[in-house]
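Encoded as structure tokens, the structure appears first; notes follow it.
For clarity, chains are labelled A, B and C in written order, and residue numbers in each chain start from 1.
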Amino acid sequence: MKVGLFAPCYIDQFYPQAAVATLELLERLGCDVAYPRGQTCCGQPMANAGCAAAAEAAHRHIAACFEEFDYVVGPSGSCVLHLREYVEGAPSARYYELCQFLVEVLQVERLDAAFPCRVGLHASCHGLRGLRLARASERQEPPFDYVACLLDMVDGVERVPLDRPDECCGFGGMFAVEEEAVSVRMGADRLADHLRQNVEVITGTDMSCLMHLEGLIRRRNLPLRVVHVAEILNGSGEARNA
Amino acid sequence: MHDPTHDLMDDGARLAAADRSARVRHADRAARFVADAGQTDWHDAVLWRIRGKRDAAAGRVEGWERLRALASEIKEHTLSRLDEYLAAFEEAATANGAQVHWAADADAHNRIVRDLLRARGVRRVVKSKSMLTEECGLNPYLEARGFKVVDTDLGERIVQLREEPPSHLVAPAIHVRKEEIAALFHEKLGTPADADDPRLLAAAMREDLRARFLAADAAITGVNFAVASTGALVLVTNEGNADLGAHLAPAHIACMGIEKLIPKPEHLGVFLRLLARSATGQPLSVYTSYFRRPAPGRELHVVLVDNGRSRRLAQPDFRAALKCIRCGACLNTCPVYRRSGGHSYGATPSGPIGAILAPGMDMKRYASLPFASSLCGSCSDVCPVKIDIHAQLHRWRQVAAREGYVSWPKRWGMRVAGWIVRSPRRYRLAGRLVRGWLRHAPRRLRYGPWNAWGRQRELPRAPDRSFGEWYAAERGKK
Amino acid sequence: MSRKRRHNALGRAERSAQNGSRAREAILEAVRRAGAPFAPLPSIVGATDMGTGEALTARFMASAQAASATVRIVEAGGVEAAVREAFPGAASVASASPAWGFEQADPAAEASALARLDVLVCPGAFGVAENGAVWLAESGMGSRVAPFLAQHLVLALDHSAIVPDMHAACDRLETFGEGYGAFVAGPSKTADIEQTLVIGAHGPRSLTVLLT
């Protein structure tokens, strides 16, 4: 199975360890993974700012980068959702968020990883409601949660339930700066929930939400840290020891 | 013979028009709201509790999601044949003895109501909750012409006495604390100065309004649903105020947007199962009244209002907003609304639904509202008629940018970003520069006043190597 | 209002009626021109199966109680006694139905007199199990406003007249021939002050449902 690794721009530049973990994990699960070096940005920031036209070239470019692959997998629900909505076109989904790919395509049932920690799972909205990686709390249907399911395969992970299972963290791209006051307040509320449950590590599918939460954690010197879910599922040593 | 008030626009309307021309800056208003942390805590918690009640009530209905789909399809159907249903409704309502009036816009609506009131020598009007009359600015219009208009829903009455708009579709005074209401009622109703027990306050208003109900010359109400096949109007309240007003006054004027139609009574069942559960978590509101014929000797008037609705119906990207049944569930679930308050939107209705309705009415004034969202999508998932609210917010952003309502630094920033990421070479260079700057620039420079991110948050720690550089070094030979 | 002003106002009403018919055509034309593509009307599925008989009655009672109504099961012919027992101090009890021995509610009564009425007893047409609502037709009210003005409302309901849900309830409205009716689920209430529930907003302070 030929898999193209999609490393969203901010992961490529600021959080390479999440992309490394994604690559290693997919390889260990038997995928033939390649990283097209020419890829840049999916164009989501421009579209969310109301300037989708400015992203058209980016859409064409990224489509060309991944033309030859059966699947394109990336560690970011938000960017993958954007690719599905703006680039895909075809009805059969080819762009996958990592956890969705592990559950729906690879149908992973066990993982060889350990992460002995109290972990709070932040359900990023675009993965949750756009890609349906879990049942959103407002929907009346049988519960399921891909990411939680995968985390539970990792030795030692103590997944902690939150008071509000899927409240938005307030990142929202440009929203984080344009609506700075509300964004920060939303992030602080999200962190307070994790702190109430004595969470040690907040994880999630989207490093962008975690970047926003990490910014608050570091400014406020809170006893929390953020780790991308790919690193936990991969059993990356750095994630455990950081 | 000339009536000087007839043609002249009065001061109230002029002031309202001037106020409407100012741009709403949601972020600034929201920042002021959030600055009061205690109030924000309370506002968020109380609305989240309503969302919890909604979840529980929806969970007790077998096939909730199917019911939502059904409601959505019924509305889509009705909108796709709206001209036929409007004509059928008019015919049935007229046969029932009601009088049907048509208003192309807010001004026409207000004039029709005014003329009906004047022709009957009305002075005192009682009004039950109607988002349409808020939209049309009916209260200030009538008050400027000497009518005494009293809102009778408790929450509406509170905001009327405070001289401010409602902040929530269903709970208009949700932003007001009981201590403030105690002070207000002390001043207006003569309740004891520090009496803030909600039961006592509500009882005082009951006494005050009962006298007004009994003395009213006309009642104005909104409409929740209008049934095309029977010509009936359906009104839903918990307090009973719509019925008290409509049954006691000699004339009942019901004002409705043309999108309120449903085909037949059997369809009413679908919406009534969804409405109260979505709004408050009740399985049904206390009173669901079915007005078919006026009572003997009484008058029933129905004002059908377009005011931009047919224009929206012509917009494929935005017509689904016309399915709205005004339950307020999207407000309660919205993490931004809960932390910024209804008044931060400067529009009625407020919240996510307001943020997709208002730009269609006045883009210049409301261009910031589609951006007052993290696009979390919860609004679309709670919506009982499955309006794609968050997707419409996204599309309104495109319209705002296209029509020049996005600031030029942002527009140009996005254009430059688009130009950079078109080329892998430019993208890598930009990445190296940003990382180098984050790693080496003095903190003072990185956290300048221009940096909204950094006001309360640290910037990410930039690594030495990007993933692309790591891949080239470690896997390049493969 | 002077006669002259009233004359002007009526003249304006006529003119606005002419404008109204222009507005009507313009609105209908704009709606037609909007060109919303045809969407089929779905048939309604998903009626609730709650069993029959006792299960339905039990569900109705639980729903009505959850809506702050008091529900009592009374013997046939026991309505008067149940009302006297529930409201021992009531000075005035009236009903529009001759079935019981209460004072007859006067359809032409002054509203201020109705507002002083302690208890109004009405026959409910049918109940709805999923939400505890009772359908009250105009003919059972005395006057439309009476059930809203009386201080306390009592609804007598035949226990065999309970339907499972609002689908079944609204199906009955297809053939409803009266001018007005209402679903009543509990006493009037408000939560507009800090979301604190207050019973007895503008209408009755209590609702009692007597299941016969």
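Assorted remarks:
Going forward, a residue touches a chain if its C-beta (ideal position, glycine included) is under 8 Å from a C-beta of that chain, and two chains touch if they have at least 3 such contacts.
Being a predicted model, the structure only gives us computed values, none of them experimental.
Each chain gets a centre from its C-alpha atoms; the one nearest the centre of all protein C-alpha atoms is B. Chain centres computed from CA atoms place A at the largest separation from chain C.
Averaged C-alpha coordinates give centres for chain B and chain C that are 27 Å from one another.
Taking each chain's centre as the average of its CA atoms, chain A and chain B sit 33 Å apart.
In this assembly, the C-alpha centroid of chain A lies 51 Å from the C-alpha centroid of chain C. The multi-chain contact residues of chain B, meaning those touching 2 or more other chains, are 61.
Residue ranges of chain C in contact with chain B, taken from their complex: 1, 4-6, 8-10, 12-13, 16, 19-21, 23-24, 26-28, 30-42, 44-46, 48, 63, 66-67, 111-112, 115, 128, 130-133, 143-145, 148-149, 165-171, 173-174, 176, 178-196, 198, 200-204.
Per the touch definition, chain B reaches chain A in the complex via residues 26-27, 30-31, 34-35, 40, 44, 48, 51, 54-55, 58-59, 61, 64-65, 333, 335-336, 339-340, 370-378, 380-382, 394, 397-402, 406, 410-411, 414-415, 417-424, 427, 431, 434-435, 452-453, 455-463, 465-468, 470-472, 475.
If you check the complex, the residues on chain B that touch chain C are 1, 3, 6, 46, 49-50, 61-63, 66-67, 70, 73-74, 76-77, 79-83, 86-87, 90, 96, 101-104, 108, 111-112, 115-116, 118-119, 121, 152-155, 158, 171-174, 177-178, 181, 198-199, 201-203, 206, 209-210, 213-214, 230, 232, 238-241, 243-244, 247-248, 258, 263-270, 272-273, 280, 282-295, 304, 306, 310-311, 313-314, 319.
Across the complex, chain B is touched by residues 7, 9-17, 19-20, 23, 35, 37-41, 43, 45-58, 61, 125-126, 128-130, 136-141, 164, 167-168, 170-187, 189, 211-212, 214-216, 218-219 of chain A.
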